[in-house]
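What follows are several structures.
Look at the two complexes coming up: subunit A is in both, with subunit B in one and subunit C in the other.
Moving on, here comes the complex of A and B:
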């Protein structure tokens, strides 16, 4: 018996309806995800730009000599200004850090602005407030701070990236944190990439499929899900405490005298290396597994040894995926905060790291510190630092994509 | 069989090939005569590819594989402990079903095998002669630096044969080398096999009976039993197997009654 066509028709309609329902559900999920991403980005941008009212302790115009502005003055003149306006004790302290005469013109000028002109941000507004309530802001300024200067501030600017950490938000920058992040990432990559890829090659190409291998494999999968703070505790116990002679640099005579402990870039980099090691191993294993058997067969068929097959065919064929996975996990490491808190990232540090045995701070730590401060301006610079971190992450990911495509193109001709 | 004593370059004796507990080919005995083409035919799953792959120890690469019996190559059992499978594979080359050139230039595809085997001669010359032997030289001589993957399927397969030839083997094992190709490319491969038997002993697995009839001197017919194990039914001169088989099953298969 043949089903009547009207029954078929309603059935078909139901099938289409079911399909449409799921399509809409998938679409909505995507919309939710994108909406939250956009909100996050807007929130950050909202904080990183906006009007501020600045009041100077001393009007820079009053410091001008014969109509020459501070920018046009020579360092000796600027030092003269510093010496007239600052207490002797403070001058002595600066000289102790680094004699004023030896500092660059930019640094001295910066000091004059920071200490003598000493602008203070009375009030700041977010980007949306600045855009929507312009007149209200001007009114507030006229009635509350007639002598102040109302200006639109881009918190993320060149000075912000170039300046070291400072207790006043107007002069605080992320140079130390950025350098710390970069140093640390180099260590992380140098440790995790070779070790991770080598383990993956061993597990995929050499290890026999026995109980031991399976236990190791399961553990690697589990390790990739362990909370990062646990890695921090491990790093604290092993790198900071146990291996202190190595990680503090004492063994090489390179100890940072201000700390002389294992809380260094090296410890942090190795800890994060451990954190992403399982991810790199799993990802590399998958990349190696994706190399077609036919390629190995053709290599073996020509009388190649196992190592020749791995070196000439398996690694080059999987390298693009291995690199992509590595950079993605390194991006994750760049954004990590918790393990570094445990390993002992410095909360306030204004000295650039100069080797792997230096004290350090990183961008996420810096952001975390700033968001915890009560003054509103710290939230602005935190937003600016988040933007900087995002740019760093995006450029790393972009680099990964370009590198992968290059390798792929080279191999596919 | 030929009236005078044939010279076998490979002799398989009482071969049992297992994958784990599964017996894929049982009690196989056959020989490859020097400078002849031997075709291995039979229905799917009859173990013909398995047998082919035992001849240069390619099955060793499968972790669960286990081989029993003896395979003599130039008088020596290649499954003896002191024999290095890497050396066996250089002397007994292999061409696979799907063309699988390396993702490298045409030149490097030929040169790589020779290079890793420690070839110390004129590489350009080796590449040229290898490509000439496979009738590919005229088609690719102007684009040796191009990727091998830019070639057509048939050209890729001839490149794979040229690559195998370049490491100077004495036997070539071909596992359905034309099954993924169009009829014209297939014809070229068949012509090539006819050429190559002057210098090499060739064993070819094929699903195509006409092909086996056209190119082979000897034919081995395999079947699969109730335990899914493959076994050799009979082997003989191709003409005899095709026109005067001694086994009824062979006749049934050849005439297309099953398989």
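Moving on, here comes the complex of A and C:
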């Protein structure tokens, strides 16, 4: 017989069971989210290390003279090797770019490796394949490429960071892209930080609650939701096309009018500056809003003017938050790709940028271009470049935290 | 004495406040710039003989080479990838947020939230790499290499869902934690279990925030570029099969502008027309989300 208390008990049991079921579901969802992050990172590491089989056109040992390896040779000897192995036309071209005699030993040695030894990657494996199928890889090598060299490679290495871009993955590096990113970021900060903080100060300290202020405020929120690629279109039409004389440097006589193009570091940096401006404004507004009113009141009470109060009290006591917010937005800019493709990042440049009117490529652009290539070796260097990018972003965020703590300590002490 | 102090003119103060005002107005000019440029180039695009508004919205072909400009294949691919992304990000995001806000202890939360922030801080091109080198091979392993093409909208959509997940989670979590404890205690007082209190009391109370999170996530998905540019394929394709390659609106813009593009060509104008459409979509979504938050926000004292 079912008594009321019985009904309650079975109900309660069911309710608790349901509760446990969903609790597990919520918990598992969280585990899934974290698993994605781990997979994402593992996938990158997986691509950035692993075995490769490399075949040299000429064995470096055969180039040795009296048992001295290439590294131990003098530049004249290395140039001799170049002259005996390369066509005369090619040598002339190199001499035309920059006479071989004037190049540093490192450059000449690099040239010997690239052109004479000319290693070619026959096949590359991911880290997991390398760890789990070592014997199969060695068998493959023995039957398919007996003269090749099997080696375990860390794709992200010092050479990779130091070398400029190259069409062969074996010699490609991120030097040009890294420098491009840094140059661009300086422009972005120079534009977005002062303008952003000034806007925030105006909106929080000066603006009255009128129609104009409300329009500005709503507009800033809407801007922060505009897709980044739209900013790319804006940059393309305004900085690259309309302001070409300025952004190409032609106006200042820095570039020829004939070759002038607005697709420069300056255009890219300004485009990203516009992109992160709303975020910097919103972050800075929150920082300024957190400053207690009593601080302002006591400053006024001592006879300070409005600007004196802001400059000596409001800004110093919100600076830590403003800086953290800015660095977070800047790290977003460092990782942006789409707007820069639209603005016109170069697909291939191997010369270091030397001013803001240089053509540009950046780390994310490089990653995009390498990832889009079908060959496995390009995936490897893309993974290595991603690691470099993540390290750069992490160190920026780390710097933000350290700077914030320093400022806080100083303020208290 | 008093008078001399009060009467002191400070021109510097005026200059500074004007400068600050000018900075704040720059943001208005950015919006104006976006609107004017998108409108102007779109005007040129629709004004040309090769394309009409009717063809743009009704034709199922986008082949600029032969003068076919029907946006539907691109739009369709955008809707496909965004829908798949939202199918992943919405339930997962809400579940994770409920766990973080209602179940997790303070210590667990302090570990998990930074992890989600890391996920949110990873550049989108890295997600594109992930889609192409992990998700696509995984899908091909499960469903067979014949059914799943190398470039497909499913892979791009799934990874896009992961990209949006932290955004949805943090917005929903904010909405849930804004619900005052008195509501939870009231529910417990009436004999509700933890689940009943969370799902039948707290979640409905935070509904406006959850809806806003969904819409903001959707707007982010529509504008997302690098994942689709890398993983969903080049070339417009009108298909509802998520395992087939299809180019989205953003994917097309990136591909066309990545090559050398001449000013005032149809190609050049067409990316601005697509940009305008994209801008309007996201603008409407953002406005809706703000209205929802404003109008339906429960006010607790």
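Please note the rule applied: the second predicted complex is superposed on the first by the 379 of 413 C-alpha atoms of A that agree within 3 Å, B and C clash if a C-alpha of one lies under 4 Å from a C-alpha of the other, contacts with A are read in each partner's own complex, and residues count from 1 in each chain.
Here is the rule we go by: contacts are C-beta pairs under 8 Å (C-beta built on N, C-alpha and C of every residue); 3 or more make two chains touch, one makes a residue touch a chain.
Here the structure is a predicted model, which is why all the values come from computation and not from measurement.
> Quick check for you: in the superposed arrangement, does A:372 touch first (subunit B), second (subunit C), both or neither?
Only subunit C; A:372 stays clear of subunit B.
> Given the superposition on chain A, which partner contacts more residues in subunit A: subunit B or subunit C?
Answer, by number of touched residues of subunit A: C.
> So, does A:220 touch the first partner subunit B, the second partner subunit C, both, or neither?
A:220 sits against subunit C, while subunit B stays out of touch.
> Which holds for A:199: it touches subunit B only (first), subunit C only (second), both, or neither?
second
> Considering only the touch criterion stated at the top, classify A:313 as touching first (subunit B), second (subunit C), both, or neither.
In the superposition, A:313 touches subunit B alone.
> If you stack the two complexes on chain A, which partner ends up touching A:305: first (subunit B), second (subunit C), both, or neither?
both
> For A:295, is the partner it touches subunit B (first), subunit C (second), both, or none of the two (neither)?
first
> Touching A:337, do we find subunit B (first), subunit C (second), both, or neither?
second
> In the overlay, answer first, second, both or neither for which of subunit B and subunit C A:47 touches.
A:47: touches subunit C, not subunit B.
> With the two complexes superposed on chain A, say which partner A:356 touches: subunit B (first), subunit C (second), both, or neither.
neither
> Where on subunit A do the contacts from subunit B and from subunit C line up?
Correct list for subunit A: 305.
> Give every residue of subunit B touching subunit A within the complex, in rising order.
56, 58, 61, 63, 86-87, 89-91, 93-96, 98, 100-103, 105, 112-113, 116-117, 146-150, 160, 163-164, 167
> Which residues of subunit A touch subunit C once you look at their complex with the stated criterion?
Contact set of subunit A toward subunit C: 15-16, 18-19, 22-23, 25-27, 29-30, 32-34, 36-37, 39-40, 43-44, 47, 194-196, 198-199, 201-203, 206-207, 215-216, 218-223, 225-234, 236-238, 241, 274, 277-278, 281, 305-307, 328, 331-332, 334-338, 341-342, 344, 347, 364, 367-368, 371-372, 379, 382-383, 386, 389-390, 393, 397.
> Quick one: in the complex, what on subunit C touches subunit A?
So the residues of subunit C in touch with subunit A come to 10, 12-13, 16-17, 19-21, 23-28, 30-31, 33-34, 37-38, 41, 91-92, 95-96, 98-100, 102-104, 112, 115-116, 118-119, 121-130, 132-134, 162, 165, 169, 193-196, 199, 216, 219-220, 222-226, 229-230, 250, 253-254, 257-258, 263, 271-272, 275, 278-279, 282-283, 285-287, 290.
> Quick check: in the complex, which residue numbers of subunit A touch subunit B?
For subunit A paired with subunit B, touching residues are 208-209, 292, 294-305, 308, 312-313, 316-317, 411-413.
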